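Next come the structures, one after another.
Paired with chain B in one complex and with chain C in the other, chain A is shared by the two complexes that follow.
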Partner chain A sequence: MKHAQRNTLGWIAVTVVLFLVLLLVGMFLRAVQANQLDAAQGWFYPMMTLHGVGMAGLWWVGAMACASRVLARYVEPSEKVSSFAMLGTVAGVVLLLVSVFLGRFAAGWYFLYPLPLKGTWPRWSTVVFLASLTVLAVTWLVWVLDLLRAIAKKFPLTRALGWHYITGAEGPEVPPVVLITTVSLIAAIACLVSGAATVVFFVLELFTGTGSDPLLMKNLTFLFGHLLVNLSLYLAVGVIYDVLPTYTGRPWKANRVVAVAWNVVLWVVLFAYFHHLYMDFAQPPAFQYLGQVASYVSSIPSAVVTVFGAVALVYRAPVRWNLTVALFFLGLMGWGIGGIGAVIDSTIAVNSVLHNTLWVPAHFHTYMIEGLVLMVLGYFYHYCQEEAPIEEDLRLHKIATCLIVVGGYGFLAMFYLSGALGVPRRFAIYPANVAHGATLSKVALGFITLFLGGLLVYARELGRRWNKARQAIHA
Partner chain B sequence: MRSLRWAAVACALVACAVTGTPPVRAESVVTAEARALHRAVPDVTISVAGGEQVKLSSLWHDKPVLITLFYQRCLGSCSPFLRSLSSTIKTVGGLGDDYRVVSVSFDPEDTPERTHELATQLGLGPGESWKVGTTSPAQLQPLMDSVGFWYRAIPGTDQVDHPSLVAMVRDGRVVRVLLGNTVSPTRFQELRLEARGTFVPFYAAPDASTRFRCLDVDPATGQLRLGWGLVVLLLPAALALALSLAVFRLARPRPAPAE
Partner chain C sequence: MRALIILAVLLTAGTAYAEPTAGETSFQQKCVACHTVGGGRRVGPDLKGVTERRDPAWLERWIREPDRMLAEKDPVATQLLKESNQVPMPNLAVTEAEAKDLIAYMKAKSDAAAAGPATPAAPPPSPHLGEVQTVAVVLFVLLSLVVAGVFAAVARSTRLAVPTIDTKRAYAVRRVFFFVAGTVMLVLLLATLRRTPYAAARAPDRVVYVVAKQFAFFYSAEPITSDAELARAPKLDPLTFAAGSVVEFRVTSLDVNHAFGLYGPDGAVFAQTQAMPGYVNRLRVSLPKAGEYHVLCFEYCGTGHHLMQSSFTVR
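Let's look at the complex of A and B:
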């Protein structure tokens, strides 16, 4: 038991500290775009790479850590594998830091082919970056397989996927977190395998010089990247299904609607990434249409069912709105808002206009910073408060929540506004015809400082409980 | 001992990848054609036989302009290339309302009269829609740079090495370049569409040396065939299914043994 607690506290510490660091890196990016750090412009793209890869990976492991801990109420994940996952993740992060800080690797978080092989950075930094991805993909694949093994020990596959709810057959009650996690983990295997395949093709080209098909590489890269972020969200949503009822006093059970919505996700989410390739005229048109339909179908049913369920759960319930409940609720809202932005962006006619503007970072930052991040932080607080209860100061919780919401949405509004005004994405310095991008970046910096303030209040509240829980383990 | 040997081989391969020179691949025609895209073309003055001085901006202000470079003394590709261009223009409908052509000599010894002589020999025309002439050395270099043209002397001869290209210029910017000693009607049609403002994608199709191609293009018909790359693309999902089934089968809950 102590091993499990130590692991969870370890994941919490790693996630929160790295989040603060990567948030500062993000602020650096906006400061360069606001023309505030002219001397450091040369670091923009290495830092963009670190921020992107770092955040995507960080919230994936954060969500996995939450799901793993919640699943432990019903099944028995291996704590040794969890420790191995942490070691592997730290090793991968160290390699990433080496490639970015020492090698100035700057191919961006999507490291789109053939950029990693064509950059101005030294060749060894590409090799170290690919090694980092390999370590992370292998580590996470082992972690995923172990969680699936733990579920499989108790539930047959058809039960874990809740098919008996769909068919109306007799069967055991399956907690929604088990159903949603099973769906996410199966898709995660495809995600991590495609990431590994991408690395293999890069390495083969490095050694042999034989080119890869750019269309195949882009498909594989986005199958990996898009799925990783999507599945992180789903894992966190699964956690909310399990934890929110403890605050409302009402159960949130799986039923036919929930089972259908999440099984649809499993079959459709694998095709949703096609919307990243709308600009690629070599992609067969059928894939493009499939991408639009899959983007709608993979996000709308699960989001509607979940948000409706959450609202029904808290409606007129005697809820104590502490950090956990507030962050869970706001997280679901952010998921919904970011999801609407994503659905708009995944519409082919709209995407052809918005694709290369800041609208795209706007929507994915919405469901990350005001969605996934809040869900995971909400669970971290819940866990520490359960392990080491300290009397809660709800006034402080309100301040933290308000700062996170006002700062976060203000920051996002600048992205959306920039996108609507045609400010291009991935530009370090804005040319004269889009100079308003710099002004909006400056305003965004103000808002993100508010967000940071809220996060620090949260970190203080979490830190007190985390420390107490840690001392309790050592006592 | 065997594992040590394998480790040594692996280390050597990694060292080779880390420090070695990356294998060089020949630049594709498409990459070379893409290099000059969107560049601004300088508004140079062309001297045409008969003393006429024509500024490029006076030509592109109402119609796109197709620019080619040549020299009169060329014993190699210039004449066949210009003949091919002229023939293709006739094949696809001739010079009409769509665009004008400007052929500029890059030889300082050429005069407007000499270039006119060559144009007459080759049957380029008509004169109002196809201007042939020279420009000053000071204006020539920026013009060549803007369309991606170059030349260098071949030692021991009075000839120069140079590419053959046509550059379509709309509103003073390069919108498309075609490289090659002959101008194919199919590609020229794409050039005309670009001149009208229609985006025509062009890209290097992966060749036989590219492994696991998603699609193969039949150069004769332009038809697409599905390639092994699409199978590779299915692999992650297939493996996910197989691994999940294996995990659930191996770890399935066993019924308690009967008493």
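Let's look at the complex of A and C:
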């Protein structure tokens, strides 16, 4: 038991500390774009790479840590594998830092082929970056397989996927977190395998000179990247299914509708990534149309089933609005709003004018910092408060959530507006025809400072409980 | 009269397609990705007047062995490195004769640019929302407000708490929600899937080949598939079109992924396509309005990405 507690507290510390650091890196990026840090402009693209890879990986492990802890109520994941996952993740992060800080590696978070091989950074930094990805992919694959093993030990696959709800056959009651996590982990295997295949092709070219097809590599890269972010969200949503009812006093169980919705998600999420390639006209048109249909359809299970279910669960419930409930509730709202921005952009006709403008980071930052991040932070607080209860100051919780909402959405609004006004993403300096991007970056910096303030209040509240829980383990 | 017209066409053609000098060929092969002569800064500085600004011996050595000069911490070289976003000028194995040709070319080109009429750059248009962008923003804001409104109402409802709610009624509401959301989605799919950039309306009046290469776009009337062809092929510089024409841009890349992002004279993005090595993407656009059209790279392509820009004129 102590091993499990130590692991969870370890994941919480790693996630929160790295989040603060990577948030500061993100603020650095906006400051450069606002022409406030001209002297450091040469570091923009390496830091952009660190921020992107770091945040995508961080919230994946954050969501996995939450899911594995909640799953432990029903099945028995290996704590040794969880410790191994943390060690592997830390090793991967160290390699990434070496590649970025010492090698100035700057191929961006999805390192689109063949850019890592044709940049201004030294070859060794590309090798270290690929080594970092390999360590992370292998580590996470082992973690995923262990969780699936633990689930399969108690629930046969068809039961874990809730097929007996769909067919009406007899079967055990399956907690929604088991169903959703199973769906997510099966898709995660496809995600990590496509990531690993991308790395293998890079390594082949590095050491044998065998080139790869850029379109195939693009498909592999986006299958990996799109799935990683979406599955992180689904894992966190599964956690909410399990934890939110303890605050509302109402059950949230799996049934036929929930089972159908999440089984549809398993398939649809594999095809939605095509929307990243709309502007590659060489891609077969059937894939492009499939991308739009899959992107639209994937929003139905989330909006109609999960968000609606959460809203019904909270409606007129005797809720005490502490940090967990507030962050869960706001996280689901952010998921919904970010989803709207994403579905609009997944329309091919709209994507023609919004693709790779700041509209893209606008919507994925919405379902990250106002969605997934809040869900995971909500669970972290819940866990620490359960392990080491301290009397709650709800006024302080309200201040934290208000700052997070006002600061976060103000920051995001600047992204959306910039994107609609044609400001491209990933520009260190804005050319004259999109110079308004610098002004909007400056406004965004003000808002994100408010968000940071809210986060620090949260960190203080969490830290007190985390510390008490840690002391209890050692006592 | 007809003979005069033919003569004029031949003379013009002769001017446009003159055999490039050795210096120009070397410049196109080795320098143009990072430099222009009178066309503005790219990753490296604009080289207009460089033969006047720098000592000839220093310039020749800098062209031939920039890596050594950087290693020796030459003060000018160090300053140039800083100004170029820490992107070092590579050693491109330029021979002594080649360096002299390059210097002669840069001097001739600078002199020609100085002798030409000075055209003041037009101020960029004010920020502008295009038609599609306006629809996207309005739709996004309205739907987001509905979501936020529902969440706010539900949060407020907890002040009047009850232990349970009528589950049957909740499921009935969900059915209505499912039906409405599904219908809206179907209508939007049917309406928008017909408006894709893959099948353009009519045949193009003109085809232009676009080659992207870190960190510049090149336009030509003939296809370019290699660095050697890029050096040889005549470039369309400046690029102009007649108002109202339909143009097909055949876009490719000679190194990494780039994207060809088009801004209209009103300042709004109106089309784009990726530039991928080994593939050609055909972007067909109508250019109804006269004015200056800007082009930015819309796919991250390396540390000089933000410098990769171009423009053309529609008259």
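In this text, the second predicted complex is superposed on the first by the 475 of 475 C-alpha atoms of A that agree within 3 Å, B and C clash if a C-alpha of one lies under 4 Å from a C-alpha of the other, contacts with A are read in each partner's own complex, and residues count from 1 in each chain.
The rule is short, and it goes like this: a contact is a pair of C-beta atoms (placed from the backbone, for glycine too) under 8 Å apart; a residue touches a chain by one contact, two chains touch by 3 or more.
Remember, it's a predicted structure, so these values are computed and weren't measured experimentally.
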{"item": "Combined model on chain A where chain B meets chain C, clash or fit", "value": "clash"}
{"item": "First, second, both or neither for A:Arg6, with chain B first and chain C second", "value": "neither"}
{"item": "Partner chain(s) touched by A:Lys253 [first = chain B, second = chain C, both, neither]", "value": "neither"}
{"item": "First (chain B), second (chain C), both or neither touched by A:Lys154", "value": "first"}
{"item": "Touching partner for A:Leu215 - first (chain B), second (chain C), both, neither", "value": "both"}
{"item": "Partner chain in contact with A:Met333 - chain B first, chain C second, else both or neither", "value": "second"}
{"item": "Which of chain B and chain C A:Ser352 touches, first, second, both or neither", "value": "second"}
{"item": "Touched partner set for A:Arg464, first chain B, second chain C, both or neither", "value": "neither"}
{"item": "Which of chain B and chain C A:Val304 touches, first, second, both or neither", "value": "second"}
{"item": "Touched chain A residues, chain B compared with chain C", "value": "C"}
{"item": "First, second, both or neither for A:Phe281, with chain B first and chain C second", "value": "both"}
{"item": "Where chain A meets both chain C and chain B, residue numbers", "value": "213-215, 281-282"}
{"item": "In the complex, chain C residues that touch chain A", "value": "82, 85-88, 124-125, 127-130, 132-137, 139-140, 143-144, 147-148, 150-151, 154-155, 157-158, 160-165, 170, 174, 177-178, 181-182, 185, 188-189, 192-193, 195-198, 214, 255-257, 259, 261, 263, 267-274, 276-283, 294, 296-303, 305-306, 309"}
{"item": "Complex contacts: residues of chain A adjacent to chain C", "value": "41-42, 45, 104, 106, 108, 112-115, 118-120, 213-215, 218, 249-250, 257, 279-282, 285, 288-289, 292-293, 296-297, 299-300, 303-304, 308, 311-312, 314-319, 321, 329-330, 332-333, 336-337, 340-341, 344-345, 347-350, 352-357, 359, 416-417, 420-422, 424-436"}
{"item": "Chain A residues touching chain B - in the complex, by the definition given at the top", "value": "117, 123-124, 127, 145, 148-149, 152-157, 160, 185-187, 189-191, 193-194, 197, 201, 203-204, 206-216, 219-220, 223, 270, 281-282, 284"}
{"item": "Residues on chain B engaged by chain A in the complex (per definition of touch)", "value": "13-14, 16-20, 22-25, 201, 203, 206, 209-215, 224, 227, 229, 232-233, 235-237, 239-241, 243-245, 247-248, 250-253"}
